[in-house]
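First chain A sits with chain B, and in the next complex the same chain sits with chain C.
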Partner chain A sequence: MKVVAFRLLGALPILLGVVVVTFALVRALPGDPAIYYASSPSAGPDEIRAVRQQLGLDRGWLEQFLIYLHALAHGQLGQSLLTGQPVLEDFRRLLPATIELAALGFAMGVGVALPLGVLAAFHRGGALDQACRAVSSTTAAMPGFFFGLLLIYLLYYLAGIAPEPIGRLPGSDIPPTRVTGLMTVDALIEGDPGLAWRAFCKMLLPAASMAIFAVAPLLRMMRGAMIDALDSDYVMTARAFGLTRARILISYALPNAMLPVLATMGMVLSTMLGANVMIEKLFAWPGIGAYAINALLGVDYAPVQAFVLIVAVMFVILTLVIDLLTAAIDPRVDVNG
Partner chain B sequence: MTSPASIPAAPARIPVLAVLARQGRGTAFALAVVVLLLVLAAIGPWIAPYPPLATSPLVLAPPSLAHPFGTDHVGRDIFSRVIVATRLDIAIAVSAVALAAAAGTALGAVSGYAGGLGDRVLSRLIDVMMAFLLFIAAMALVAVFGNSVKSVVLATAIINVPFYFRLARAEVAARRGIGYVEAAVINGAAPLSVIFVFLLPNCLPPVIVQISLNLGWAVLNTSGLAFIGLGVAPPTPEWGVMIQEGAGLMLSGEWWVVTFPGLALVLSVFCFSVIGDAVRDLVDPRRRR
Partner chain C sequence: MDPLLQIEDLAVRFDAEDGPVRVLDGLSLSLGRGECLALVGESGSGKSMTGLSVMRLLPPQARIAAGSVRLDGSDLLRADERAMRRIRGRRVAMIFQNAKAGLNPIRRVGDTLCDILIAHDGGRLTRRAARGRIAALLGQIGITDPERRLEAYPSQLSGGLCQRIMIAAAFACSPELIIADEPTSALDVTTQKLVMDLLMAACRERGVAALFITHDLALASQYCDRVCVMRKGRVVEEGPAGRLFTAPAAAYTRMLIDALPAGKGTAQEWRAAIRSHAGMSS
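Let's look at the complex of A and B:
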């Protein structure tokens, strides 16, 4: 616990830097929100001045920044001008959708990449290895939004087995009472497994489009690390002692090979968090990525600031989790270092 | 596989290509595609069968002899648009990566050589830049600079500066106390000439590897931004814009509008990364498996 607190403290300067840079970036956005959000295009200078005052835009940069910091310290992220809601409220509504999708996407990526990587390492140089190499090279060059569109064509239009690729639920369904905000979990809580299943099916295409970003780096790293492990002296010793293949893999090779793979996961997660903007836009997924891009195009300061900040915080926390996992697997790693 | 000894220490341009091409069939193929892309980027607008913006009454025609890739929702020839788009996509990627490499290595080298407070502040600033997710930072920067091609180049360059900065800084900081550098200083070489004549050439190999791996990523980044409505705007022919314009048509089965620009995108990124890997193997044979 102390270790976690210590590491979080160490991330604070970076987060403060992120806050400053985000603030500066967002203030530098072109367009005057006061004119944008005045009641009518023909609003007079008086009204525009009033709106500007109301938004605090008439004060100096430093003062605006201090006000922003003060609000941030009290958990306030400002008001979205587009939705008319506090940003925190919007995020509370939208974040579960993003997390649900990203988690499934990450799970799919890991579920495909790691077994393939291990297989490729076992059959080094063989046909299976070549096939895995082809998979990783192709997926590395494939942008998720294009892959998603191919899936839509093949599975929705041609085969007709995928649900309509828009939103989180089929139009005929009534969303379950909101408890966690995760559609599948809420449907199960409501005792409607059919609804949960339909919500799950809706997630498959967008999640697969996000998973495509994770497959190549994880597969390559898993294969390389597994080959290193299999070539090592301790695996040779284990073989000489006559341990079974499965035993060698699970007890000796895999834990060692997982270390570099875990390190890669941080990079993969950050790519996926960024890619989620494109995928949410493509599938009309009501998450924070689509929300942020709309805010960005609509000169809406507060949500963009909050989005960049929240993603950076999520990234720092995920990196911390990965460090802790690494320490849990590898006794040589000192978490305090 | 060539033995490390056969790699010339100061290779001329042609031998490098020849050595690259001998890395295997895959690399030779990638090299051929990249050369084709460069040729298309140079002469594309003149060899495209139709003007890329010319509409026609023949809307959403499937691929045929007259229109090998079909036509889009306003009757433009997709084949011509894919060809003409090559120039823009390649130009954005090349200029952004060149800018990032030049600015990043120069800054990193000077910072690493000077050391002190300035170096520490700059390095922390770079750390903060790394905390932003690449695509999201690119999104925000393009929005700040205004929605234009120039902004995409600038944004892509800025978010890539940290990688080159770190490479150059580490290399220079590690070498500045070495004998030959001290000899140059004693001989009266100015700090800048020490950095750029004696120190910087040492970081060229990792920088070249980073550049070749970066190019494909820059193409992906540009088209991704265009896809969400930032940077290159319709009706300009660009692969990401074309995919975005045709996205809705996938629901009604007009697959060719999206698929051909998408394949052009995937193929070029694929070939850039194959070449990047080959260059890395050449420069650093230890990483070969």
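Let's look at the complex of A and C:
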């Protein structure tokens, strides 16, 4: 626990850096919120000046930044001009949908990449290995949103087996009472497995589009790490002592091969958290990615800053979790290091 | 009675881009029960491949073209993979040069050793019982504080200790034959002597035959009854260790003796040289 606290403390400078850079970048963007949010296109200079003053944008950058930092220290992320809500409130509403989608996408990516990687390592140079190479090259070359479009075209438009690729639930459904915010879980809590299933089906296409990010790096890493493990001295020795294939795989080759894969998983998952922006936009998914891009286009500073900060915080937590997991598997790793 | 191990006309090829390479080329040797035979030769002469052929653990590009490897009369080259798994570790154990790398880095040494016992016990042995037997075995082989060693990970132990633990592992299932492939080449001279003494004493005490693979003719003659000199995948000369030094028949053996650092000499002179060498470094 001491280690965790220490590591989180060590992440503070990184987060401060993120805060500074986003603050500066957002303000360097073209567009003036005061003009954007004035009551009408015909608003006079006086009104615009009044709006600017109201938003606090008439102050110097440094002063604005200190005000922002002060609010952050008190757990406030500011007010969204687009929704008229506190950003924190919007995030509380939208973050579960993003997490639900990212988790399923990640699980799909891992579920495809790891078994394929292991099989490819076992049948090195064989037909399956070649097929895996083709899969990883294709998925590495294909942007997620394009794959999403392809899926929509094939499965929704042509085959008609996928639900319409818009939003979180089919239009005819009423969302379940909010408990966790994860719609599939809430539907189950409410005792409506049918609704949970429909909510789950809605996730499949966008999750598959996100999974495409994960497949190529994980597949390659898993294959390579597994080959290294199978060729290692300890696997050779285990074979020379007559251990069963199952035992060698479960206790020798796999745990060792998982170490580099685990590190890659952390990187892939954090990439996915950032890359969800396009996918959420494409599928009109009510998550923080789509929210952030709308805010960016609407010169709405506070949500954009908050989005980047939240992704950075999740990145820090993820890295810590991965490090702790690695240390739990590998006695040579010192978490304090 | 059949010898324990009889290899006849063994030919192994490596499939390479530009045609097959002959790794073993008509190798024949035999080893009696409880006998210690050294297999000596320079690198690339096929000594390790001989050991791996007996274990049927040759690399994938290797192909056995001809010959037979009989263990107690039955041909291992005709055994199926299931039967081979039961033989490995139980009837024939093999230890390798780099013991530290040969132990699973993320598994406690004790668990690795228990895996070996359990693999050959048909699922009857509990992990706790296996643990007890392993600890006793380590004690017998002269490893101090066995309980604590078994809790350790390989990275926390020295190379010499890892090799002694591998030797304990090799004796765990009371095999008939131990193949030791350069077991001490990665160790310093004093540890080398300690490990070799331990290995050979354990073999002789328990009547276990040993096939000792080394490039070190002096070490071979010091510890083994008989020496086979290998070159280019076949045995060029074999005989009692003492005779090989005093009256080598093959020109190649003569060359190997001349290449020893102390120059030309008899086995006796050699043993003296080794003793003083070991004394110097300790």
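The working rule: the second predicted complex is superposed on the first by the 337 of 337 C-alpha atoms of A that agree within 3 Å, B and C clash if a C-alpha of one lies under 4 Å from a C-alpha of the other, contacts with A are read in each partner's own complex, and residues count from 1 in each chain.
Quick note on the criterion: contacts are C-beta pairs under 8 Å (C-beta built on N, C-alpha and C of every residue); 3 or more make two chains touch, one makes a residue touch a chain.
Remember, it's a predicted structure, so these values are computed and weren't measured experimentally.
Student: Return fit or clash for chain B versus chain C, each positioned on chain A through the superposition.
Tutor: Once both complexes are aligned on chain A, chain B and chain C fit side by side.
Student: Looking at chain A, does chain B or chain C touch a larger number of its residues?
Tutor: In the superposed model, B touches more residues of chain A.
Student: How wide is the angle at the Cα centre of chain A, looking out to the Cα centres of chain B and chain C, in steps of 10 degrees?
Tutor: In the superposed model, the angle at chain A is 80 degrees.
Student: Once chain A of both complexes is superposed, is A:Gly274 in touch with chain B (first), chain C (second), both, or neither?
Tutor: A:Gly274 contacts chain B only, not chain C.
Student: Who does A:Ile293 touch here: chain B (first), chain C (second), both, or neither?
Tutor: Once the two structures are laid over each other on A, A:Ile293 reaches chain B alone.
Student: For A:Ser172 in the superposed arrangement: first (chain B), second (chain C), both or neither?
Tutor: In the superposed model, A:Ser172 contacts neither chain B nor chain C.
Student: Contact-wise, after the overlay, does A:Ala312 reach chain B, chain C, both or neither (first, second, both, neither)?
Tutor: A:Ala312 sits against chain B, while chain C stays out of touch.
Student: Can you give the closest approach of chain B to chain C, taken over C-alpha atoms and in whole Å, for the superposition?
Tutor: For chain B and chain C in the superposition, the minimum C-alpha gap reads 10 Å.
Student: So which positions on chain A get touched by both chain B and chain C?
Tutor: Correct list for chain A: none, the interfaces share no residue.
Student: Could you please specify the touching residues of chain A with respect to chain C in the complex?
Tutor: Those in contact with chain C are residues 232-234, 236-244, 247, 251-252, 255-256, 259, 329-332.
Student: Give every residue of chain B touching chain A within the complex, in rising order.
Tutor: Its residues touching chain A are 124-125, 127-129, 131-136, 139-141, 143-144, 146, 216, 220, 223-224, 227-229, 243, 247, 250-253, 255, 258-259, 262, 265-267, 269-270, 273-274, 289.
Student: Which of the residues in chain C end up touching chain A in this complex?
Tutor: 55, 57, 85-90, 93-94, 96, 98, 101-107, 111-112, 115-116, 119-120, 153, 155-156, 166, 169
Student: Using the touch definition from the top, list the residues of chain A that touch chain B in their complex.
Tutor: Per the stated touch rule, the residues are 13-15, 17-18, 21-22, 25-26, 28-30, 137-138, 140-143, 145-146, 149-150, 152-153, 156-158, 165, 224, 227, 270-271, 273-275, 277-278, 281-282, 293, 296-297, 304, 307-308, 311-312, 315-316.
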